[in-house]
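This report concerns only the one structure given below.
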Amino acid sequence: MSTAAAPSMEHGTSSFGVYNLKLGMWVFLLSEVMFFTGLIGSYIILRFANPDQFAVPGAVLNVPLTALNTFILICSSVSMVKAFADVQAGNQAGLKKWLLVTALLGMVFLGIQAIEYTVLASEGFVPMAERYAAHGRAGGHETLGGPLYGTTFYTMTGFHGTHVSIGVACLWWCVFQAYRGRYTANSHGGIEIMGLYWHFVDLVWIILFTIVYLI
Amino acid sequence: MSTAAVPHDTAAHAQAHHEHIPFIRKYIFSTDHKVIGIQFMFMSLFFLLLGGLLAMAMRWQIAFPYNETAGFQGQPLPGGDLLPETMVVQGIMLPEFYNALVTMHGTIMVFFAIMPLLVGVWANYLIPLQIGAPDMAFPRINMMSFWLAFGAGLLMLASFAVTGGAANAGWTGYTPLSINDLYSGVKTGQQLWALSLTILGFSSLMGSVNYITTLINMRAPGMTWFRLPLSTWALLITSILILLAVPVLAGGLIMMFFDQTIGTNFFKPETGGQPLLWQHLFWFFGHPEVYILILPAMGFVSDIIANGARKPIFGYHAMVWAIIAIGFIGWIVWGHHMFMSGMNPMLGGFFMVTTLIIAVPSAIKTFNWLGTVWRGNIRFHTPMLFALSFVALFVIGGLSGVPLAAAPVDIPLHDTYFVVAHIHYVLVGGSLFGIFAAITFWFPKMFGRTMNETLGKVHWALTFVFFNLTFFPMHMLGSGGMMRRLYDPTQYPHIASMQDTNIFITWCALILFAAQLIFMWNFLWSLFKGKLAGENPWEANSLEWTAPSPPPHGNWGDRVPVVHRGPYEYSAPGATADYQLQTEAPTGQPLPATH
Amino acid sequence: MNEFWRLPVNVSSYGGDIDGMFMLIAWVITIVFFAVEILLVWFLFRYRARPGRKAAYMHGNSRMEVLWTGATALIVLFIGVISRGLWLDIKDPLRFPEPGLQLIVSAKQFEWNTTYPGADGQLGTADDFIRRNQMHVPVNVPVRITLVSEDVIHSFYLPELRLKQDAVPGMQIPAWFEATQTGEFTVGCAELCGLQHYRMKGTLTVLSADQFNAWNAQQVAAAGAAPGTTPALAAPVMNNEAAGSPVVAAASHAH
Amino acid sequence: MAEHTAPAGAPASSHGEHKAPNYYLIWLILFVVTVAEVGVAFISQIPKTVLILILLAMAIYKAFLVAMYYMHLKFEPRRMWLIVTAPLPLAVILVVIVLREGW
């Protein structure tokens, strides 16, 4: 039997030129694409079937606030990619700085989303609401949407928020590891896949923001 | 490599302390792909047994219902006294328990028996061994995948014990029956069902990320795509199907869970939700799932038939492309499960055509298996018998799919026992026979001992005969108009007239179940007392047979095999034996002009 | 062959076509079945292992691959093409024949309620009357039904009329049949709908035209004597497309 | 089994050859398009269908930028694209076919 010296676990015989961890993350993101397809697809289908249940943009949801949130998430993406560029260049200080910024921006995003939820809930806009009126903004008590509006809004933004929360937790872990000197110019797979996940979450938000808030 | 002669079992066994890994890390929270595969095997064989028991109880009720007005005296359920009054009262099964049996039999068999037996066990066990890798790409994620599946299984079992009993809305969980306990009488059980399947979905996802990454990145030197054994090819396509289909189901299940618990409205018609949306999401997952449940078995069977016939697989490339084609077309056929659901009839026409087209790659595979045995030199060992039976029965299961695919013919056949017969020919006659073939074939590699051939052949013969006697008559029950999931079929005069067939089926099913005890005994006995197997008891070619039996952690130690040829080089002219390991270096000897 | 497959007696105008198609497919798959299985068994016998023999060394044959791929594709496409027209005749509302009688069948756990148009021949008016688990229709007249459900999904199944169609809450699903013989036939539920699913059955009585008119007149009179019968379509229909539109028009399912 | 390590050679081989894109420029484009989106969404003169198409196009353009530059897809081997684009047709199939229901 002919054998050869075993390559290390991370190398393998690669036909894609992409190391395991990164390939695994991409493959995982594909399943995430299908997960959000299920959610967004259901939203589109329910909305087509019941257009009267969905309020016009801005009538219930606070678009300026969410636009600010979108901006924050985009900023966190650029800080994430800077962290990656810095660790590649061997700039440890830059890595730590940008990772911290990213984690903090992620937390700001979650905070704003929490505020948004609280205000909406206080106006009677909850996932299981039969009918609700947006007090204050739209003026008066007229009915602005049906039960499916709250159902789909909270499910979609909630799942995105869950993804951001997981991302923030992982970012803090990366910050911790960065301070321990875990990442070097030659070994930083963790930062790269962290970045992939984080940008993916950003990408999903870009789609969600348009579909849920603007259309 | 010194462990080669020492068989070690996964069960608690004294040999564990030969190596210096603590027991709990070696056998319980192990990151070794082989141990994880074996853990999946023990878990899913348990669920297979349980699912079978549930089916026996169902069959008893169908054969011996209490319907005295129509002249059916009924028979008390054997052992029914052991069950609580919420299930069986004075030997009489309650309809709610029957519906729970229907649901849990389907759910357990599909998600906790067949799927892990095909993918959890063999993708874990075979992929690294067949591609020449020391382990999976992400061993710890692999371990988590098993323990999540285990937890999901416990949740599913727990649902039998909660108030209201286990889920009873069918394994397809059609809404709104499954989301409203006013309609089904089951609240917690139905929630546990959704939760458990969601968790199992995460487990499957972790697994398939692992399998795909491993297969792409960790193949041994010389192991090109077209030197992969067909088992591995099938497992790759299966993993891709799981990766892309399961998240859609998980999304649907989560929406269902929210509808059940926090009062959202996705599938509630009274607030504009769409019951058919659930069906679309479920079957968008569900049809790829059907191929998830058959493709790996096709792969194993291809390997085993080539080995038994001592002949290269006929049309290797055609086989690979057929697997890929099934994987692709499988995404656009889901609507045939919904022909009668009230969806747009134009869509019905579209789905009918795509469904029929999928017969083409299936036929390619069947004919290539026939081509493989043609002019072979066939050894009828137990795995070969199961593999050949797979082909014979898959032909029936495939052909009975044709009338179901033709939409107008499906009108009378939909939701009848014809469908029950069809799915069991594919899932039992196909997948389960493939699983038996695979277990008997790779058992020596897993445990270092061969299973008993005589017991194996007796088990095969009984299973083959009584499987057919159980399920073939169901076709006629179905075309005779017997609907599925009826607690008491004698309520309908046109079904009551066929009751003798139902009784016959029940007796055959009981014998079929009893025959599986032979397999259980053979399996357990051979673990400890089976004949010692060498590295390559079947004289096969692929890489796993170059490792010791059982392979140690890391499979080949600090070396990896180098691959020089395809996996099906049997009976090559000029070779010394009628098989050539994939690692065998080219001799440089010119081939003889004739053979 | 009918005996072998135990097909229920057929009393439907399109049932003969369905049965014919079923028989055609049954013959095709029976022939394929025997061809493949006999070949397999013959190979197994002929090429069983014998000492000193060696298997042929071959990797396949492209011409054979093309042949059996092409043959299978032709057979299934043929089946698809001939099935499509029949499917649309039965299920596409645009192709339904002009109905002689229109009914609403409303499913609920665990009964089939049939709403008749009453004296004025119009559904959705005050003189409609409802029969529980009993359907009466005239023979040789196309009957158009609109299926609704009040709770869960049921499946309206008439074995002898070769008709099956799910009733989905929130939807109004059209279907039609035409009985060709008088007599009593089975109405069943084919979709698991709850605990009493197995008992969700009714009777379809096919009457001659005269008998049906007499029966109808009698029912109308009885309904008139006991006014206050709730009009049909009590099921809350949230489907925006259907809401507020007349029953039969809504039933024709915008594509 | 250190799952958080990149192999020594990997980053060099997969990223070494290209010049890092101007991340701030991408960020600026994303910002501008987002502002434009919010602005366009509230112009009531545009017909609803056209508006939806414009908004979707903008969103997809932004998503495309993120994937190409921030996720470095532009610099991956071409066969990675095969993997990455695999689920997109399925996503389209699911939504389009279910919408064809005519609800």
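Some points to look at:
Per-chain residue numbering starts at 1, and chain names A, B, C and D are given in the order in which the chains are listed.
Operating definition for what follows: contacts are C-beta pairs under 8 Å (C-beta built on N, C-alpha and C of every residue); 3 or more make two chains touch, one makes a residue touch a chain.
Since we're looking at a predicted model, the values are computed, not measured.
Each of A-B and B-C has its own count of C-beta contacts, and the greater count is at B-C.
Among the remaining chains, C is positioned farthest from chain D, on the basis of C-alpha centroids.
Centre to centre, using the average C-alpha position, chain C and chain D are separated by 46 Å.
Each chain gets a centre from the mean of its Cα atoms; for chain A and chain B, those two points are 36 Å apart. Computed from the mean C-alpha positions, the centre of chain B lies at a distance of 32 Å from the centre of chain C. Chain A and chain C have Cα centroids separated by 47 Å.
Along chain A, residues 9, 15-16, 18-19, 27, 30, 34, 37-38, 45, 49-50 each make contact with two or more other chains. Counting partners per residue, chain B has 138, 244, 248, 271-274, 276-277, 344, 346 as the residues that reach two or more other chains.
Each of the following residues of chain D touches two or more other chains: 1, 3, 86-87, 90, 94, 98, 101-103.
Against chain B, the residues of chain C that register as touching in their complex are 4-8, 17-18, 21-22, 25-26, 28-29, 32-33, 36-37, 39-40, 43-44, 47-50, 53-61, 64-65, 68-69, 72-73, 76-77, 79-80, 83-84, 86-88, 90-93, 109, 147, 151-153, 155, 157, 159, 162-171, 173, 186, 188-199, 201, 236, 238-240, 253, 255.
Chain A meets chain D in the complex at residues 8-11, 15-19, 21-22, 26-27, 30, 33-34, 37-38, 40-41, 44-45, 48-49, 57-58, 63-64, 67, 70-71, 74-75, 77-78, 80-82, 85, 88, 177, 182, 185-190, 192, 195-196, 199-200, 202-203, 206-207, 209-211, 214-215. Taken together, the chain B residues at the contact with chain C in this complex read 95-96, 99, 102, 169-170, 174-177, 180, 183-185, 269-276, 309-312, 314-318, 340-342, 344-346, 348-349, 352-353, 356-357, 359-360, 363-364, 366-368, 370-371, 373-380, 388, 391-392, 395-396, 399-400, 402-403, 406-409, 411-416, 475-477, 479-481, 483-489, 491-494, 498, 568, 570-573, 578, 595.
Considering their complex, residues 1-7, 9, 12-16, 18-20, 23-24, 27-28, 30-32, 34-39, 42, 45-46, 49-50, 53, 127-128, 130, 146-148, 150-152, 154-155, 159 of chain A touch chain B.
Across the complex, chain B meets chain A through its residues 133-135, 137-138, 205, 208-210, 212-213, 216-221, 223, 225, 243-248, 250-252, 254-255, 258, 262-266, 271-274, 277, 281, 546, 556, 558-562, 564, 581, 583-585.
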